[in-house]
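Notes follow the structure.
Letters are used for the chains, namely A, B and C, taken in the order the chains are written, and counting of residues starts over at 1 for each.
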Amino acid sequence: MPASPYSALNRRQRLTASFKPKSAGNIPRGLTFAAVLVIIIMLALILGNVIWGGATTITWDFLSSPPEDGMEAGGIFPAIFGTVALVILMVIAVLPVGVLTAIYLHEYTNSDSMITKIIRQAINNLAGVPSIVFGLFGLGFFINFVGGNLDKIFYSSAGPVWGQPAIIWASLTLSLLTLPVVIISTEEALRTIPREIKDGSLALGASKLQTIRKIILPQAMPGILTGAILAVSRGAGEVAPIMFTGAAYYLPYLPLKLNDQFMELGYHIYVMATQSPDIEKTKPILYGTVLVLLLLTFVLNFTAVIIRSKMRRSRAHG
Amino acid sequence: MAKYKFKPKSRIKEFIGEKFIAVSAFAALIAILLIFIFIFKESLPIFFDSEVQQEASLDKMTFKQEYYEGREPKWAWQPESKVPKYSLFPLVLGTLKSAIIAMLIAIPLSVGAAIYSSEFANKKMREVIKPVIELLAGIPSIVMGFFALIILATIIQKLLGLTFRLNVLTAGIALGLAVIPIIFTVAEDAMTSVPRTLRDAALALGANPWQVSMTVVLPAALPGIGAGVVLGFGRAIGETMIVLMASGNAAIISASLTDSVRTLSATIAAELAEVVFGGTHYNVLFFIGTLLFVFTFITNLGGDFVLNRLKEKYQGETR
Amino acid sequence: MDDNKIIKPTDENLMSGRVLNDNISSRADKTIKISIRNLNFYYGKNCALKNVSLDIETKKVCALIGPSGCGKSTFIRTLNRMNDTIPNTRLEGEILLDDINIYRGFKDVASLRMRVGMVFQRSNPFPKSIFENVAYGLRVNGISEKDVIANAVEDTLRRAYLWDEVKDKLAHSALMLSGGQQQRLCIARALAVEPDVLLMDEPASALDPISTSKIEDLINELKRNHTIVIVTHNMQQAARVADNTAFFYEGVIIEYGLTKQIFTKPNEKKTEDYITGRFG
C-alpha cells in the first residue's frame, strides 16, 4: 500500500509534478486582489470625504430653508423641492411609455423578429447617448421647436412662454434619458411571470389585453417599481441635461408652474463648486448638498436592490 | 347552458388598446431618431450656409488656419474673440487625452478586479465586491466631478508639485473611476459565462485552477472583455461633468499630462449658455454634439454586437 | 349496426380521410360534440399531427393515450385554440364544435374558450385569493354583480368537491392550498364559465394517489353534464374514467374505440404493444 499518492507515481511523473510550482498562482491572485483593494480604497476615500465634510451641515434647518447670503448661509430647500418636482414630472412621463414598450416587446413580438431587434438596438443606443447630447436635444427640440412653435401658435405676443428653459422641458429630457432603465427593469419582471398563468387566463376566455391588465401587470409591479426608483435615482443625479433646459442657481420662487425654472441639487453643486466667489465660505454648504444628493441616490438604489432581490427569490420558489 | 349573461368583448376597445401599446413601444426608436435629426439639423448651416462657412466650415474646423496675417497657421478654439477660431483639434485632443488616461486607470483596475471576482474570490468576497462596484456605479458624475475638483486636484498638485490644480490627469483619474463599473460588469460577466465544460476539460488535463484561469478562461472571455472596454471608452468620451469641473477647461494643445484640456462635451456645456441662438457658434456646438452622438452610437453598436454574438455562442454550447 | 366493423388505418384510408372510428359513429343515438377532420398541425416545418380525424361524443369521457411526444397535448390544445398563442404554428383541416367551425364560426376566440374549458397539467392558480380565482372567468366576461359571482363561486367549488375544505378561507391566497386542492380549484375555475367541454391535459400527473382518485371521482361526476377530453399517461386511469380511448403514436391516431375494447381486445398490434408496456 503506497504511503502517499505521490509515491504511487512513477519516476517520470514525479519529476514532472515537481516542476509545477505550487505557489505560482499567488502572483496573479495578489495582483488582482490589489486591484480590488484600490477600488475599495478609492470608494472609501470619496464617500468618507463627503460624509466627513458634510455630516455636520445636515440639520433640519439646512434641509428646510432657502439659501442666504449668496449661498454662504441658509439651506437648500428650494433645490430639494426642485429636484423632487423634476423627478415626479419625469416619472409621470417615462413610466407609462417604458412599461408599455416592455409589454409590447415581451408579449406581442417574437424575439427574433426584425421589429424587436430594431427596437432593442434603439433602446441600447439611447442608453449610451452622452448626457450633454440630451441637453442639446432638450434645447434644440423641446425648447426651440416644441416650445417655440407653441408660442407661435398660441401666444403671438411678446416674450416667450413655452419657448424657454422650463421644468417641463427638463423633465421630458430626463425621461428620454431614463427610458431604457424603465424598459429593462419592466422586462426583467415580465420574464418572471410563468407561461402557465397567462395560458390559464386565456383559457378562461380572457383577451390578451385583459390578461395583461389583470394578471401580468399586477405580477410585474415589483419590477416596474424598481424601474421607477432607478429612473428617479438616475434623473436626480444628472446635471448636463438640465443645465440649459431649466435649472437655475438662484430663484426667489419655487417651480409651481410647468414653465417655471427650478433649482436643483446637482446643478447647485456644480455652480457652487465652480463659480463661488469665496469657496471656503461655501464649502460647508457645498459638502452638505453633495451629501444630501449622495444619500438620496444611495437610499433609492438600495431600495431598488431590495425589491429586485425579493422578486428574484420569489421567482425561484414560485 | 347560458346560465349567465356574459357580455361579449368590445372589439373596438381591444383593437385600440393593442394599437396604443404598439405605438408607445416605438417611442425609444422615435426618440433616438429625433435626437439625431434635431441635433444634426442645428448644425446644417456649417454645410450649407456660406456666411457660417466663413468662420467654421469643415475645412476650417479641421486644419490649421492662418488667423492673423503674417502669423503662422495654427489650431485654436476661441469662438468668442474678434477673430473667431473654430478648430476642433484642441477639443478632440483634449477628449482623447482624458479618455486615454481614464482607460489606463480603469482597465487594469476593473479587469483585475473582475478576474479576482470570477476566478479567485470565494462567495463572501464576491458578496463584498458586488455592492462595492454598485456603489461606485451609483455615484452621480457631478459628485465624482466634485471629488476631483475639491480633493483629488489638491492631492495630485501636492504629489507632483504642480502650479495648477486642474489638469487632464486629475480629470482622467476621476473619469477612470467612473468608468470602472461598466468595464467590470461586462468583463466579469464574460468570464463567468465561460462554459464549465471548457474549465473542466483543462482541469482534467492536469492544469491547476489558476492555470485554467489564465490560459483558458481569460482568452475565452477576451472578446467580452474587449466589448466592455469599448463601451467604457465610449462612456469616457461622452462624459461631461467630471471633465467640466476638473480639467481646467483651457483648450491647450500639448502632450503633457499636467496641462489643462478642454473636451468636446465640456465645450458644449461651458459655452451653450452664452451663444446667440442660431449663430455660428451655436451651429458649431450642435455639430460637436452630432460628433459625440455618432461616435458613441458606433462604440455602442460595436460593443453590443460583440456581446450578442457571444451570448448566442455560449447559449448554443451550454445547451 | 355491427360494433366490430372497423376501418383499418391503411395508407389508402388515411389519405382519403375516412373516419377510423366507425365503431362509435355507427352506433345509434350517438351525438357528436366535437368533430375533427383531417387535422394536420405544424410547428414550423415539423408536422406534429398527421391527418387526425376523430369524433368526440357528447357527455362522455374521451381519453387520449400514447407515449411522450406523440402529439396528445398538441392535439388537445387545438380544440380550444390555445396553440394560437404559439408563434410559427400552422393548422390544416377542420374542427367543428356542435357543427360550427372553431376558426371561422365564432365571433372571437374568447367565446370559443368559454365553451371549451381547459385544466392544465401543472395547476396554475392565479396569485390571488381562492374566491378571486374562481370569479376570474366571470369577471373577464362581463359579470359584475356581487351576488351572482358569490353564488357561482360557491356552486362551482361544491361541484369540484372543494367547497368544504375552503369555505372558511375564500379570501386566502390560492397558492396556500396543496397540489391536489389547487388542481380542484383550477377545475372549479374552469367550470365557472359554464363550458360544454372540459379539456384536461394530464390533470393528475403531478398529484399523489389520494388526490388523483379525488379528481377521478370528480371526472365521473362531471361527465354527467360536460363532455370531457382527458390526456393521460396513466393507462389505469384511462381505464377507470374514460368511455372512449384514442391511442396516439407519432402524431397519428392508431386506434380509437370503446375503452373496454381498446384495453382488452385492441385491433392494432401497436396498440397492444403499448398497452402491455412493450414501449412507451
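By definition in this document, contacts are C-beta pairs under 8 Å (C-beta built on N, C-alpha and C of every residue); 3 or more make two chains touch, one makes a residue touch a chain.
If you're wondering where the values come from, they're calculated on a predicted model, not measured in any experiment.
Chain centres defined as mean CA positions place A nearest to the mean of all protein CA atoms. The interface holding more C-beta pairs in contact, when B-C is weighed against A-B, is A-B. Each chain's centre was taken as the mean of its CA atoms, and the one lying most distant from chain C is B.
Between chain A and chain C, the centres computed from C-alpha atoms are 49 Å apart. A straight line joining the Cα centres of chain B and chain C is 57 Å long. Each chain gets a centre from the mean of its Cα atoms; for chain A and chain B, those two points are 16 Å apart.
For chain A, the set of residues touching two or more other chains reads 207.
In chain C, the positions touching at least two other chains are 108, 110-111, 114, 141, 193.
Counting partner chains per residue, chain B has residues 9 touching two or more of them. By the touch criterion stated above, chain B contacts chain C in their complex at residues 1-9, 11. Listing the residues of chain C that touch chain A in their complex gives 80, 82, 85, 87, 108, 110-111, 113-114, 117-118, 120, 122, 124-127, 136-137, 139-141, 175, 186, 189-190, 193. Those residues of chain B that touch chain A in the shared complex are 9, 13-14, 17-18, 20-22, 24-29, 31-32, 34-35, 38-39, 41-42, 108-113, 115-117, 119-120, 125, 129, 132-136, 138-147, 149-151, 177, 180, 208-211, 213-214, 231, 234-235, 237-241, 244-245, 265, 268-269, 272-273, 277, 285-286, 289, 292-293, 296-297, 299-301, 304. Those residues of chain C that touch chain B in the shared complex are 107-108, 110-111, 114, 138, 141-143, 148, 152, 193-194, 196. Those residues of chain A that touch chain C in the shared complex are 110, 194, 196-207, 210, 214-215, 218-219, 318.
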